[in-house]
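Residue numbering begins at 1 within each chain, and the chains themselves are lettered A, B, C and D in the order written.
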Amino acid sequence: MKKIAVLTSGGDAPGMNAAIRAAVRRAVYHGMQIFGVYHGYDGLIQGDIQEMSLGSVGDIIHRGGTILYSARSQEFRTDEGQQKAVEQLRKHGIEGLIVIGGDGSFRGAQKLTQKGFPTIGIPGTIDNDIPCTDFTIGFDTALNTIVEAIDKIRDTATSHERTYIIEVMGRDAGDLALWAGLAAGAESIIIPEEEQDMDDIIERLHAGYRRGKKHSIIIVAEGVGSASVYADKIKERTGWETRVTVLGHIQRGGSPTAFDRMLASRMGAAAVDLLLEGKADRMVGIQNNQIVDIDFDEALSQKHQLDLSIYQLARSLSI
Amino acid sequence: MKKIAVLTSGGDAPGMNAAIRAAVRRAVYHGMQIFGVYHGYDGLIQGDIQEMSLGSVGDIIHRGGTILYSARSQEFRTDEGQQKAVEQLRKHGIEGLIVIGGDGSFRGAQKLTQKGFPTIGIPGTIDNDIPCTDFTIGFDTALNTIVEAIDKIRDTATSHERTYIIEVMGRDAGDLALWAGLAAGAESIIIPEEEQDMDDIIERLHAGYRRGKKHSIIIVAEGVGSASVYADKIKERTGWETRVTVLGHIQRGGSPTAFDRMLASRMGAAAVDLLLEGKADRMVGIQNNQIVDIDFDEALSQKHQLDLSIYQLARSLSI
Amino acid sequence: MKKIAVLTSGGDAPGMNAAIRAAVRRAVYHGMQIFGVYHGYDGLIQGDIQEMSLGSVGDIIHRGGTILYSARSQEFRTDEGQQKAVEQLRKHGIEGLIVIGGDGSFRGAQKLTQKGFPTIGIPGTIDNDIPCTDFTIGFDTALNTIVEAIDKIRDTATSHERTYIIEVMGRDAGDLALWAGLAAGAESIIIPEEEQDMDDIIERLHAGYRRGKKHSIIIVAEGVGSASVYADKIKERTGWETRVTVLGHIQRGGSPTAFDRMLASRMGAAAVDLLLEGKADRMVGIQNNQIVDIDFDEALSQKHQLDLSIYQLARSLSI
Amino acid sequence: MKKIAVLTSGGDAPGMNAAIRAAVRRAVYHGMQIFGVYHGYDGLIQGDIQEMSLGSVGDIIHRGGTILYSARSQEFRTDEGQQKAVEQLRKHGIEGLIVIGGDGSFRGAQKLTQKGFPTIGIPGTIDNDIPCTDFTIGFDTALNTIVEAIDKIRDTATSHERTYIIEVMGRDAGDLALWAGLAAGAESIIIPEEEQDMDDIIERLHAGYRRGKKHSIIIVAEGVGSASVYADKIKERTGWETRVTVLGHIQRGGSPTAFDRMLASRMGAAAVDLLLEGKADRMVGIQNNQIVDIDFDEALSQKHQLDLSIYQLARSLSI
């Protein structure tokens, strides 16, 4: 394999640039040519493809976002769109493709492999909701962004002795909410993986107040519903005014943490190595600190598991 | 004057602790005794008052929030409440009071002075909406918090080539929105002080797109209305999907910047000096980098002026 | 076991407070009493011991340093000192001790166990140089501090097109240098675990310059010698002026990252659980994302292993 | 005036990119053409000049360093070199030049004006050592970088109860040391503008210890001598071990603060406006929050004045 390409797809995540950089540099290290596909699968169909060099990934390891841009593509969902994509790749003499993104992006990559075009996936999403990998690129950065935000809100919560409800990202996976809640010392954490009784939340608030705690922080993963709904319920049950903050899009950006840059560098290089070894239809993952690779079918048929022992730990520490 | 007290009132602002620290240390430097009043005017009425020492303000200069807590007080709005407050101060032998807060807090301080109790105000609010001072304590920190948040959102705005609308604090004053918008290179800034035509906003978006700019950042001060209303209007007029983020309570917290710590240290010390000189019924301010003091009546009868030349500058640079 | 104690010893590390907090809260959760020993083994000998409560660990999860202070103790190295320490613990009715620190601190803990007093160690050191645990508390924070510092230096290195040599902590372990070097995209990384020929460093610099790279960053772990020695050697061999920065003590401080707070929370709780289960003479560790416990003898007889595949990866990416 | 150019010279400072951006956008706003000169005066002599556009300054407002690079030039010190520089500018049809840098850079700019070529200077240096302007671009960012570093060191100073001496930049001006010392609550601040007796430093240390303060932070501006010399003196006089950190090059880098971006934006735009008005041989400054312009001769004949009242304030607060 002499010519490969890389694209980013789906929601952007901090560290995607570090993964692109690693893929490009590793390819050059192996004497290969590497191309960047701009604007995800949409750009692939349009042939928005340019050769990359060591220089084109200079000074990007620390930048949020993705220099290759990302976009949704309706056309790529069709067989015709996928056909066009393969043709564009072949037109440039490209023999393998690295796709950095989430599970939706991997399903797209699989379609190309089914059409005979080798692909390797790299998990890049802040949600940490990809099965078969302990961590995804961007999770650690988003987590730290959230924790820093909660630290700031705690300043004001403490000063005003009020309860704050903070909504964080995570549609299906409560990892961000759970880890951030534990790391920031939140009083309650509400996640999709664990039903939490409103009675329990209220009881914890009351217990805190009885012990003299005048402020509380409650973290809600967006997947379980809006923070303002919880605020209303608490007001209804206790009469207490709470304050709501929806952290929103700041969670996706920022300079990647050391951990995310490491993970991205290891995964980007590994993806190139896999293509060079003739492997395809697989995603790169990290398990027990080791880089591994897993068949797309196997990975996509599973469900990401949150470590519920962390949830129990958080509860025991937020008494 | 041998015994004074300090309290924080209204919304908390980063740097309030640095001001408390400076007041305490300056008082000790002058050989005075200084007391902390906890929970604002409410605590004053309740007599929640404790003597402070060099040790009680150790290791707080860099902390957000206020170690004296803040609270709203209905009772203090009544003549009876104010009377109780004065009695509590006299009971402790306190001869002068420093109030750190916004204009509402200063009106409270004035009531005490009208009852014969000397007060000095220090402007502490992130909004920078106090007349007769170029800056308030907390403004610079909140500004940097906002700018860092916009920088993060820009990562994702650039990667996805979308328009983001970001709502920041500022009910009557557009300073946070304006300065943050200029410092973060926002494409449009919507503030209470300057009517902005929807046509103009749309035209600027279109002009940007014609020049190849695929993403835009629009900053909205909360005082002009909700960011989501602007998102709806833009969608109606252009058909474009935008993303909305309401920065919320993270704007109040965080470790104060060097500027806010400086300002707070200078103002805290100046307030003590003023009481020592027998002055009262005045607020401390900073004008042209110099610490000044202004009669409460004079200050409260004026309106904070935003520098509109900055607005014009921002427009000329965001073409 | 009804009464336990916790102390911090050796160099401080960000996250120690989060570990103390977790130990205290977990003990209270189990219905135990827990005491804080101030000033490490020295304070233990002096009986500087106070009971802790939920309140005494409020608002510390995000703080650098250690609220229990740390100190070196000559006296504790003697049998007599150790005897006094045990007596102090017994005097307070304490039945088990948690020691947060490095391998030297664990050797101290072992002495107590040999005198019949149960101890559990928690690895807290920024250097990541403890065997039998993948990570130590403080490593991730120090790593991010270093990476942010290198990012700043790169700004100026790029602008001035110069070579910068940055010395980071790590006497025996090159983990900080290696991980930071990879995460920050350093051109060369010099660590104790891998002999690096001066010829190789020079050749890499020359190769970079031939490809048009006008600036380079070289990371040196303090264990291999002073950065200024390398600067002199490079000047001697190439005639190039380089700039040296020794990062120093900023590497030990700062608010802990989410990862370090998580790790500290898990380890602090696990240490309490181990004492409760009647275990002693063991350290807590994390292996493959799972909390484990290892016999002190086993742990201390081994040597921390740096993952040399990371070193090879870094080299391949910094071509 | 239809064609102008901009260059950066001397040590880089955070915010230089924001100034370049503002100059470019303001020029385009006025319908002018603007060129970037790369590598300072050296590049000017070599003709390293390229036209800039709105696109070439996209996404740089938040970046440290300078996209135009900076370099020292021996040749430019000669009359011949200056002659070549003017010729290069004329060859491109350029009629005015904006120079962003320190006083040395302004002396260079003056030489060009003396050869009949209009120049305007913008003060860009972290040291704040330029006369006739209250602030220089980069000062606020460097100040915050230093304060954050001291905050981190204080964590470890507090935990270990030791004295730390921190050396910061500032050859002739103590502004960084003084402001950082006040903002971080340092116990002693040693600056070139104010002779400080060793007896006084020692007495302050002793006084602190008598009051129970177990750690101290001493800030030294590099202009008064090396921090390690002070460490030796303290050891000699007190027997106490101190720890020394030289902050070094991290002080020059980093994303500019909101204040520096504002200042740079205002100054960059003002410089273009001045050229358009036919003015030359002047530097832009900020005085009392207003943008002003001052004759180079006047500015360069003066000496920057540090506000000694701040020094007195710092002393009174660090009792």
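Quick note on the criterion: a contact is a pair of C-beta atoms (placed from the backbone, for glycine too) under 8 Å apart; a residue touches a chain by one contact, two chains touch by 3 or more.
Remember, predicted model here, so these are calculated numbers, not experimental data.
Counting hops only between chains that touch, chain B reaches chain C in a minimum of 2.
Averaging Cα atoms per chain gives one point for each, and the point farthest from that of chain B is the centre of C. Chain A and chain B have Cα centroids lying 35 Å from one another. If you average the CA atoms of chain A and of chain C, the two centres end up 28 Å from each other. Across the assembly, chain D contributes 151, 154, 158 as residues in contact with two or more other chains. Interchain contacts (touch definition given at top) occur between A-B, A-C, B-D, C-D.
On the chain D side of its complex with chain B, the touching residues are 21-22, 25-26, 28-29, 54-55, 58-59, 61-62, 134, 140, 143-144, 146-147, 151, 154, 158, 179-180, 182-185, 211-213, 255, 257-259, 261-262, 265-266, 269, 288-289, 307, 310, 313, 316-319. Remark: chain D residues 8, 11-12, 14, 16, 63-66, 69-71, 145, 149, 151-156, 158-161, 164, 243-250, 252-254 touch chain C in the complex.
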